[in-house]
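Okay, so chain A shows up in both of these, paired with chain B first and chain C after.
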Partner chain A sequence: MSYYLALIGTTDNPIYEAEMGTYRQGGDGVPKFSAEMKELNPFIVHAAIDIVEDVQWRSNSLYLKAVDEFYGYYISAFVTPGNIKFLLLHETKNDESIRQFFNDVNDLYVKTVLNPFYNVNDPITSAVFDLKVKQLGKKYL
Partner chain B sequence: MDSNLSINNVLFYRSTGRDVTPLLQTLSCGEVGDKRSSEECKKLIVSAMSPQVCVYASEQADQVATKLQFHSLLQLLKPFGDRIEHKFQIKDSHFISKTIDEFSLRFVPPLEHMLSVQQAESGTKAQLFNYQSLELLMTEYIQLVDLELQKCGAEDKLMKRLLKKSIYVKFLTKLLASSSITSFESINQPVASFFFITGEESYEQARQMLIQYKSAKLPEYLSIDDIIPVFIIITDQANADQQEKSAQHREHIKKQLFVEAFVLSLDLNSNDDSVPSVVLNPPILCTVDEELQNTHLSSTPNPSLPTTNLTAIYQLLKDVIQKKLIPFMEKKITTWDEQVIVPRKSITGRLFNVSKKYFGSKRETNNELSENYNSELGIYRYNSTQTLTKKLADWSFMLRDYRYSYTTYELAKKDFLNDKAWTHLASASEMAAISLLMGAANITSKLKNDTIDPLMDNSNYTYLARCGLKTYALRSILVVSELFCNLRDTWSNAPTAIKWVQKALNDKLVTKTGKVVLLERIGYYYSICISAQAKAIMTRKLITEKSQDEMNDDEDVDFVNPLKLNIRNIATMGNTRQRKSALFKLIAARNWDPVSEPLQVLMCLQDTKTVYQGTVIGEREGGLLKRLQVASEDKLSM
Partner chain C sequence: MNKGIKASSDDIWKNRVDKVNAELFTLTYGSVVAQLVRDFKNDYQKVNQQLEKMGYNIGIRLVEDFLAKTGTGRCQSFKDTAEVVSKVGFKVFLNVTPQVTNWTSDGKTFSLILDENPLAEFVELPDDERAKKELWYSNVLTGVLKGALEMVQLEVDVNFVSDVLRGDDRTELRLQLIRFLKDEMPAGED
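Entry: the complex of A and B
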């Protein structure tokens, strides 16, 4: 199973992207998207923003569960109070662990925003952030 | 010809130098969520479900057509059937009269001829069309469109969009235009037969034609009595003697053969250019095979007719429809209604049914199932209640009494389900859904979820799984999707259309070109999927933006905080599906072949520009969008 995570800024700009594979069920943590799917991933997630913008006003919680579907792939969404969208493309529905994953990524994101040299909507280039997200992926996904 | 231009013939207009501004104007007004394309498709659907008319021509009558540079009389007539503008009066099932502005007829070859061709081609299980032929036709059409696109300058944006749009319309038309006769689709069974003879021919010849026609062997599900014969006598306008003779003829035919006859006086002798003449449009509703034949074997590419003949033929068709065809259909509808519907709905009829159900012996109930239905061939006899009910529904559909046709289809459906007559059931469910959508300006979500969706599910499943009729399933899906998008509230209805088209794609009901065309169509459906408030806001914004450009007021702001976030579309956020639309356009672009159709790729990408331009994923080097763009631009510049 493969995952594609994107944090989307307020102007639809991706501030962080990552592809991850699962370690569950004998997986080796390497994403196995087909070539066709790989190049389309950012666009699919981008299209899901339409749905997120529709759904986000109707829910009290930050985690919106699986909002969209595209040919057997689900897109789960999490919207931070600052309207940064965390979108995860995945193959099987797994609400609870994705919720925990998003919550922990949110913690990491908040820590990034606390950095006085970081402006909202800037791409996150920190290697530590990347490493920690991957670790979270290993833990939950 | 008539002032009405059809998007189907846009290539033809370009080649003959016709002015297509009216068509362009429909594109130019930049309305938000413009769904005019769907409205055009609805018109097309209405005319494709119009009465079918068989054309029988005597040898001499065909010669007249040859003289006017046509292969046959059928070819001459065909373009006229597409759209006949006149205030036609139609009475519905409650005898309330209503007026419709236009009517269509589908002219087809003689019945025996069609049946034999069909038999030779595919045996009994007839698909609507051959996938390979359609693919070939579409590929050729797209090549022609590409040529035209190359001729367009950079500033002809509207023209380009029009050409692009015509591809889908062509595809849909070809699906709709099939005239194959089957037992389960009575909408494709002829309603009238027109016999064309000339004034020169004797009464005896006319009689022979009719006898031959009446004695022809028809399949069990067709009855010659349900097809109205009409004689049309062609005379020469200049020849007074002949005209007199034909008037006599007409009376004779009426009195002796009890068949209505009309006289059509044409100008047959003016072959010179002094007479004003009009180039005929190619017929819109011709089948895939016919169109292929026309493009490959055409001897006279653009036949033209003198204006006088044109008006004469239109006048004749108007007369025949108003005086003969519509009254005949109305009369039959009333008769059948009394014959099959009233007994079922009456109290005695119901009691009888119930008593039969509970008190009848077992043998009888078994018999009841197979009484009318021949399960081996899958047909009902022409005089069975079921056939008549279905036909009644179809005919009232053709006369645009959609409410009545819906209830009748529902009645027919019950019978078909009882008899396990799958093809009939699928067709009846499909038509029931179509009549519901046809008649409504808007539908409630309850009606959609509880009635239309199950109907469509049922018909689609039955077509595919039980009957293996892919083409029918595809056609019903596209028709219903277009009709859904025609409803007023596109915000809730376009997703349903998208769902169905995606199902068609998932079930692989289309070939390569069809797939791309449908992907583009999904993109269009998403683009019209806008909630009512958002539409109002965006339209207002569009107007104010225009006026602001003119005023060009520049406010002086002393201090601008560069870090302040501005949110662009707070009012319409979440109420549009523009990004989705762009995604499907992009996927369509990827499915076009950048080597052979670079122009199509670029046009698809052009449509995504409003969404992707300036964004990170759109501008990313090596990203899908850039890759496609570069590949097709390279190909073009080569």
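Entry: the complex of A and C
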């Protein structure tokens, strides 16, 4: 199983993306998207932004569960209070662990925002952030 | 004597110091540095200088508050001074106690190792190559030490030699005693 995570800024600009594989069921943590899917991932995820913007006002929680589906791929969303969208493309439904994953990514994102040299909507280039997100992927996905 | 210093500075920290939220403090300092970096258009040498200057102005005032709060007497030697700076000064104002080490044999130069740096929480330096080589993010501390010690007749030279923010394995400040000042007019008074 493979996962594709994108963080989307307030002007619908991508600020971070990562592909992750699962470590569950003997997985080795390497994403196994086909070459075709690799190119499609950002499109599918970005297509879901409209739906997220619809759903986010109808829900009280930050975590919006699976908002969209595309030929067997689900897109789950999380919107921070500052309107940064976390979108995760995944193959099986697993609301609870994805919720925990998003919550922890949100903690990391908050720490990034607290860095005085980081401006909102800038791409996140920190290697530490990248590493920690991947550790969270290993823990929850 | 050391135990006495530690106990009383713990007590002062607990009872006589007004506290401020840690994130507020860190972010305030962070936005000052970030703004300086923008104002000087990423000229990190100038940012370092400016931070030191700001620190100096803090230090020459802060030392009065420090003496009033702690009632510290005159130090017998520069070694005493080092202990007081670490165990009382840093403790009372930042609630950390840097280690005092690496004395030179003439007893005029030592290092302060900051295991924790409340100024630099959450911070990652900009990744433009130069920042990690040139910017001393917490350089305000060098100014504070210089200013404060100058007001008690110690002319010192203070520099950062390493910083965990740059990827070093510890944050180290080097203090060198230049001379004891006789009763002179403070710099900048004329």
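Here, the second predicted complex is superposed on the first by the 141 of 141 C-alpha atoms of A that agree within 3 Å, B and C clash if a C-alpha of one lies under 4 Å from a C-alpha of the other, contacts with A are read in each partner's own complex, and residues count from 1 in each chain.
In this text, a contact is a pair of C-beta atoms (placed from the backbone, for glycine too) under 8 Å apart; a residue touches a chain by one contact, two chains touch by 3 or more.
Bear in mind that the values here come from a model prediction, so they are computed numbers and not experimental data.
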item: Fit or clash - chain C, chain B, common chain A; value: fit
item: Which superposed partner A:Ser34 touches (first chain B, second chain C, both, neither); value: neither
item: For chain A as apex, the angle formed with chain B and chain C - C-alpha centres, to the nearest 10 degrees; value: 150
item: Contacts of A:Thr92 with chain B and chain C, given as first, second, both or neither; value: neither
item: First (chain B), second (chain C), both or neither touched by A:Ser61; value: neither
item: Contact breadth on chain A, by residue count: chain C or chain B; value: B
item: Touched partner set for A:Gln25, first chain B, second chain C, both or neither; value: neither
item: Touching partner for A:Asn13 - first (chain B), second (chain C), both, neither; value: first
item: Overlay on chain A, chain C to chain B nearest C-alpha distance, Å; value: 13
item: Common interface positions of chain A, toward chain B and toward chain C; value: none
item: Touch list for chain C against partner chain A, complex; value: 23, 26-27, 30-31, 33-34, 37, 121-127
item: Contact footprint of chain A on chain B as seen in their complex; value: 563, 565, 567-568, 573-580, 582-583, 586-587, 590, 615-617, 620, 623-625, 627
item: Touching residues on chain A, where the partner in the complex is chain B; value: 10-14, 39-40, 42-44, 46-47, 49-57, 83, 119-121
item: Chain C contact footprint on chain A (complex, rising order); value: 111, 114-118, 125-126, 128
